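Below are structures written as structure tokens.
You will see chain A twice below: alongside chain B first, and alongside chain C after that.
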Partner chain A sequence: MRAAWRRREAIEGYLFLAPAVLIIGAFHVWPALYVFYMSLFRWDILQGAFLGFRNYEHLLQDADFLRSLLLTLVYALGTVPLEMAAGLAVALVLHQRLRFRGLFRLLYFLPYVTSQVAVALVWGWVFNPSYGAANGLLASLGLAPQHWLLEPGGIFAPDAPPSLALAAIMIVTVWYYLGFHAVVFLSGLAAIPGDLVEAARIDGASGLKLFRHVTFPLLSPTTYFLLLIATIGAMTSFNLIYVMGGGGQSFGCAGNPLGTTQVAALFVFDRFWCQTELGYASAAAFVLGLLILALSALNGRLFGRRTVYVG
Partner chain B sequence: MWAKRPRRLLLYVAMLAAGVVIAFPFFWMLSTSLKSEAEATTFPPSVLPAHWLFGNYLDAWRAAPFGRYFLNSAVMAAGQVALGLVTSSLAAYALARMRVPGRGVIFGALLATLIIPPEVTLIPNYIAMQRLGWYNTYVALIVPFGASVFNVFLLRQAFLQLPGELYEAAVLEGCTHLRFLWQFAVPLSRPVLAIIALLTAIRAWNDFQWPLIVTDTPDLRPIQVGLTIFRSDVSTNFQLLMAGSMMAVLPVVVLYLVTQRQFIQGIARTGIRG
Partner chain C sequence: MVHKVYALFLALLLASCGPAASPSPTEQPTSNATAAPEPAVTITFWHGQSGVLGDRLNELIAKFNSSHKIQVQGAFQGTYDQLYQKIVSAIQAGSVPDMAMVSGPPQTAQYWKAKALIPVQQFIDSPDGFTADQLKDFVPALLNDNSLPVNGKQTLVSWPFSKSLALLYYNPDILAQAGVQVPKTWEDLKAALITVKSKTTATPLEYTPDVYYFFLPYLWSQGGDALSADYSKAAFNSTQGLAALQYQTDLVLADKTAVVTQGFDWQNPFAQGKVAFAVSTSVSRPFIEQAMPSDHTFKVGMAPLPAGPKGAATDLFGNNLVIFAKTPSDHQRAAWLFMKWLTDTDQTVAWSLASGYMPLRVSAQNAPDFKAAAQKDDRVLVAINALTDGHGIPGSPDWQKMQPVLGDMVTSALLGKASPKDAITAAEKKVNDILAGQ
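This part shows the complex of A and B:
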């Protein structure tokens, strides 16, 4: 009697789990394996000849692919630390008893809820070389106008990444994600036990010292979590770059100008969607996926251990 | 006391300056959307329109099937919300409150799938849509996003916090799991369900890459894809492009302003990054 009831509950439980597990399995897990299978073939519109690892051999010699990896790295290094630092600064200010802090929080978070396509179009217009507000500002300061999203020249050296175009996209990225980091940091700050901070205060810690030795270490689970999420996000970033790459004139499969904004996600999309080389694009996607996994693991080794958990 | 005042003031000034930078693109979008074509394309640009041409919105609305785009986005968002709430409630309930052999393993496996980046699944999912005959249908816009591990995780936490006595009393009365879920667990977890619905809806509304590759008619394209096509159509009519962008962000901005508290709470809890 009891065993039969148990069995019934188990079956019912599996039925409850089935829809979610099926959807996640079919559209999230299975494709991650199938992408490797696809990468072993010549695959244009239809599946073609088996190639073994030749797509991968190709990739390693493909200057466009290698450049896209470098640009992804530059993009991640130029955005993640900046948006995290700015987000933390904002969170620290908003954590204090400040008038209008609800209003500030509302405002800083606004970019994050709006669509990346729309804000990319707006920023594309701000950066318009002929009529844009960015050049308007430069003109009012007596500075020379720039080509912004159409400028392939590097900001540090003419031939070194990031190009001014990519740098402009990086600014927009930081603008977009700052509020997200601030909100998550704020919830991390709220979770720090007040008596710990109070005890440190009584012991004479204040200002920078308090932050360095008490607040920041206690915040480390949040910092680590954000670092992980933001790094993965930056490595797969697509929408902003796709819509702004090409200076708002055309869509950025090629990562215009002159490929200087073609990060890895764009390279994959270009070979997949614009060139219909699905097998080759799958190989690139698989490599990108492995790189992200490796980086996440490295993140865990470097920072995970130094994380301080309370409670 | 006095030493604190200038510091405070400096803080306000810094926050305000940052706020201006954050808000500027939104202001610029609104300002440009009300200018005439001639005024939008003068340099240096004027800060505010000389005449406020609200008719630009009507022109933009007429220049592309925005009504259809909005409808498609609404269907996509509503579908993802409805399906997502059902699948994650059922799964979370089984994981939290039912004696299912191997549920720890199943939960662990679900969490492990979070490490798979979406870029990797894009191409095979595109092929899957073709083979399933879902290409260019609402099904393709809804079903692949009909379950989320994050939502299962959040709801499981909520269901675990339900009082055990309530469940035992209900079982004594002969209540089945499905009825308990529907009559007690779901109503008692309404705040979490609201957060999930909100985040899912906004995410669906803003989604771009997936609908771009699985739809190719205006009848199915959601607003974000429609907006990129609109850009190609209006080319240098920047005031129309800005009016169109404004229309595309407005529903979400309004929703955000109305549900601000829950929304920010949701982000803080899940750390979902789109």
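This part shows the complex of A and C:
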């Protein structure tokens, strides 16, 4: 009797799990496995010869792929810390009892709910070398105009990433995600028990000290969550970079100018759709997936353990 | 019974000509005498024509359906890029449509290499096709654009449909202000840009530096070519190639008469009357006119690309039609009959006038509707007259891999990142590596 009831309960449990398992299985696990399978072949439009791991060997010697990984890293390092820090700063301000707090929250969050393609096109105009507002601003400061999204030269050194084009895209990325970080940080701030802050105040902590020793540590679950998803987001970033790098327009493919905005996701897209090297692109996608997995594990190891949960 | 079927077929054929049709001699169905009756099948046609063009295409399809047993279902698949992606996916999945649009010979070559197509030549040579005389009514450059070497013989693999080519656009008001004529040669253009710069406040030229708008036409106009005839090696690292790259590098870096843009970013400034010259495809005019401020309009000037010592040359753009191999033979035949109908003089004139693409037949230029339109606005003739100078994009299945390499070659020279010589040498090596399958 009892066993039957248990079995029924188990079946019910599996039934509840089934939709999620089916969806994740069909749209994540199965494609990932299939990508791995494809990566073992020479695969143009049609499946070709079995290559074993030769696509992977080729990848490790492919200067374009290695550059795309470096650019991805530069992009992630240049955007994630900035958008998180700026988001936290905004959240701290908005956490105060301000007038029009709701309005400010809305304003900061607005970019995040706007289509990335629309955002990229508008910013493309801001950075237009002849007519854009960015050069207008430089001119009003008495500075020389720039090529912005058309400039492959590096901002620190001529041949070192990021190019001015990628740097411009990074600025837009930070602007785009700042509001999202602010709103999540705000909810994190709201979850900090008031009595802890009050106790610290009674003990004489205030300002920076209060932030450093109480607020920031207690925000750590939020910070960790944001760090994890922002890193994954940056590593797989595509839309903004694709559109602002001139992808899909005219006859180029992805990652203009001169490939200096071709981050890993764009490399995969380029090899898959523009060069129709489906097997090779699959290998690159699989490597990127593994790298993200490794980075997430590293994130967990470095920061996950320092996370303080209260309540 | 046989007579009945034949009579029915004849009736259908006449019906397809329509009451308003005034068939030219080339339309006489001389080779159709032994053609089988039209199959009563429904075929799917994937295309990438949206907006107004999509509406016009649907009207053409509806017109065909109302007069034929064959029923065509047009299915819009997104932009040309998306259409390509869906066809590649469909070939993978083994569930292709009956026919589709392809944007240019390189994609056709890819599908052909994947054994996904049957050559249109098969139908042209059949009783459903054309006699040699009838085929002569099609613009030769367009037939070349649709031919690939098959067993050493140029064979029509695809069939032309919406074709355009690269042209020089100009603002006549600025030209008048500067006192310059529409340039006929590359040297004329260079000089005109300098005059515009010195005599007006306009930007002389704005363009997006890909390989098509200056490099290839200039190269062809000097007698050079991008690839060897059998598409096995790069051929652009030549005196002509270097001159082609040097020419535009001089405009941008030395004369400072050309401003480099991205995508179609030149279009708005040009429409606002701030730019004297631009290069784009022949279908850009409505887009430019649409972007014009209503209080400041001008008549968009269109001219063929400038000529070199070997005459003028221009790239053929637009799309062609293909029939897939993995579809039943009666569907394939139906697809061909539809394609053929689409390019009848009546339809090609109607489509050209509605879309801005070029009519595909010589006889179309003498059709009354077309003549009337040309009389009203002679700009419709500019693209057609340039057709004889049209070069197809190289029909190599690897062209899509080479195109960004060549684009980067032009960009790096124009931005001063590499000398034209270094840029062209680096690109040649990469292209040869691609062609060698490395």
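Operating definition for what follows: the second predicted complex is superposed on the first by the 283 of 311 C-alpha atoms of A that agree within 3 Å, B and C clash if a C-alpha of one lies under 4 Å from a C-alpha of the other, contacts with A are read in each partner's own complex, and residues count from 1 in each chain.
Just so it is clear, contacts are C-beta pairs under 8 Å (C-beta built on N, C-alpha and C of every residue); 3 or more make two chains touch, one makes a residue touch a chain.
Remember, it's a predicted structure, so these values are computed and weren't measured experimentally.
Undergrad: Quick one: on chain A, after the overlay, do chain B and chain C clash, or do they fit? Just give me the call.
TA: With chain A as the common anchor, chain B and chain C collide in the superposed model.
Undergrad: Based on the superposed arrangement, let me know which partner A:W273 touches: chain B (first), chain C (second), both, or neither?
TA: both
Undergrad: Considering only touches as defined above, state whether A:A139 meets chain B (first), chain C (second), both or neither.
TA: Only chain B; A:A139 stays clear of chain C.
Undergrad: State whether A:P221 touches chain B only (first), chain C only (second), both chains, or neither.
TA: neither
Undergrad: Using the superposition on chain A described above, determine whether A:N128 touches chain B (first), chain C (second), both, or neither.
TA: A:N128 sits against chain B and chain C alike.
Undergrad: Output check: A:L17 vs chain B and chain C. Expected answer is one of first, second, both, neither. What do you get?
TA: first
Undergrad: Going by the contact rule set out at the top, does A:S296 touch chain B (first), chain C (second), both, or neither?
TA: Touch partner of A:S296: chain B, not chain C.
Undergrad: Check whether A:L46 is in contact with chain B, with chain C, with both or with neither, and answer first, second, both or neither.
TA: A:L46 sits against chain C, while chain B stays out of touch.
Undergrad: Between chain B (first) and chain C (second), which, if any, makes contact with A:E9: first, second, both or neither?
TA: The first partner, chain B, only.
Undergrad: Name the contact category of A:L150: first (chain B only), second (chain C only), both, or neither.
TA: second
Undergrad: Quick one: from 73-81, 181-189, 217-225 or 397-405, give me the piece of chain C that collides with chain B in the overlay.
TA: Among 73-81, 181-189, 217-225 or 397-405, only one stretch of chain C overlaps chain B, namely 73-81.
Undergrad: Once the two structures are superposed, pull the chain A residues common to the chain B and chain C interfaces.
TA: 128, 130-131, 248, 250-251, 273
Undergrad: Please output the residues of chain C touching chain A within their complex, sorted ascending.
TA: Answer in residue numbers: 79, 81, 84-85, 88, 91-92, 110-111, 113-116, 203, 206, 208, 210-212, 259-265, 268-269, 400-401, 403-404, 407-408, 411-412, 415, 417.
Undergrad: Over in the complex, which chain B residues touch chain A? Could you list them?
TA: Those in contact with chain A are residues 11-12, 14-15, 18-19, 21-26, 28-29, 32, 40-45, 86-88, 90-91, 93-95, 98-101, 103, 106, 110, 113, 115-128, 143-147, 149, 152, 177, 202, 205-206, 208-209, 213, 223-224, 227-228, 231-232, 238, 241-242, 245, 248-249, 252-253, 256-257, 260, 263-264, 267-269, 271, 273-274.
Undergrad: What residues on chain A touch chain B, complex-wise?
TA: Per the touch definition, chain A meets chain B at residues 6, 9-10, 12-14, 16-17, 19-21, 23-24, 26-32, 34-35, 38, 90, 93, 98, 104-119, 121-123, 125-126, 128, 130-133, 135-136, 139-140, 175, 177-180, 183-184, 186-187, 225-226, 229-230, 232-233, 235-236, 238-239, 242-243, 248, 250-251, 265, 268-269, 272-273, 278, 281-282, 285-286, 288-289, 292-293, 296.
Undergrad: Given the complex with chain C, which residues does chain A contribute to the contact?
TA: For this pair, the touching residues of chain A are 44-46, 124, 128-131, 147, 149-153, 246, 248-253, 256-259, 270, 273-276.
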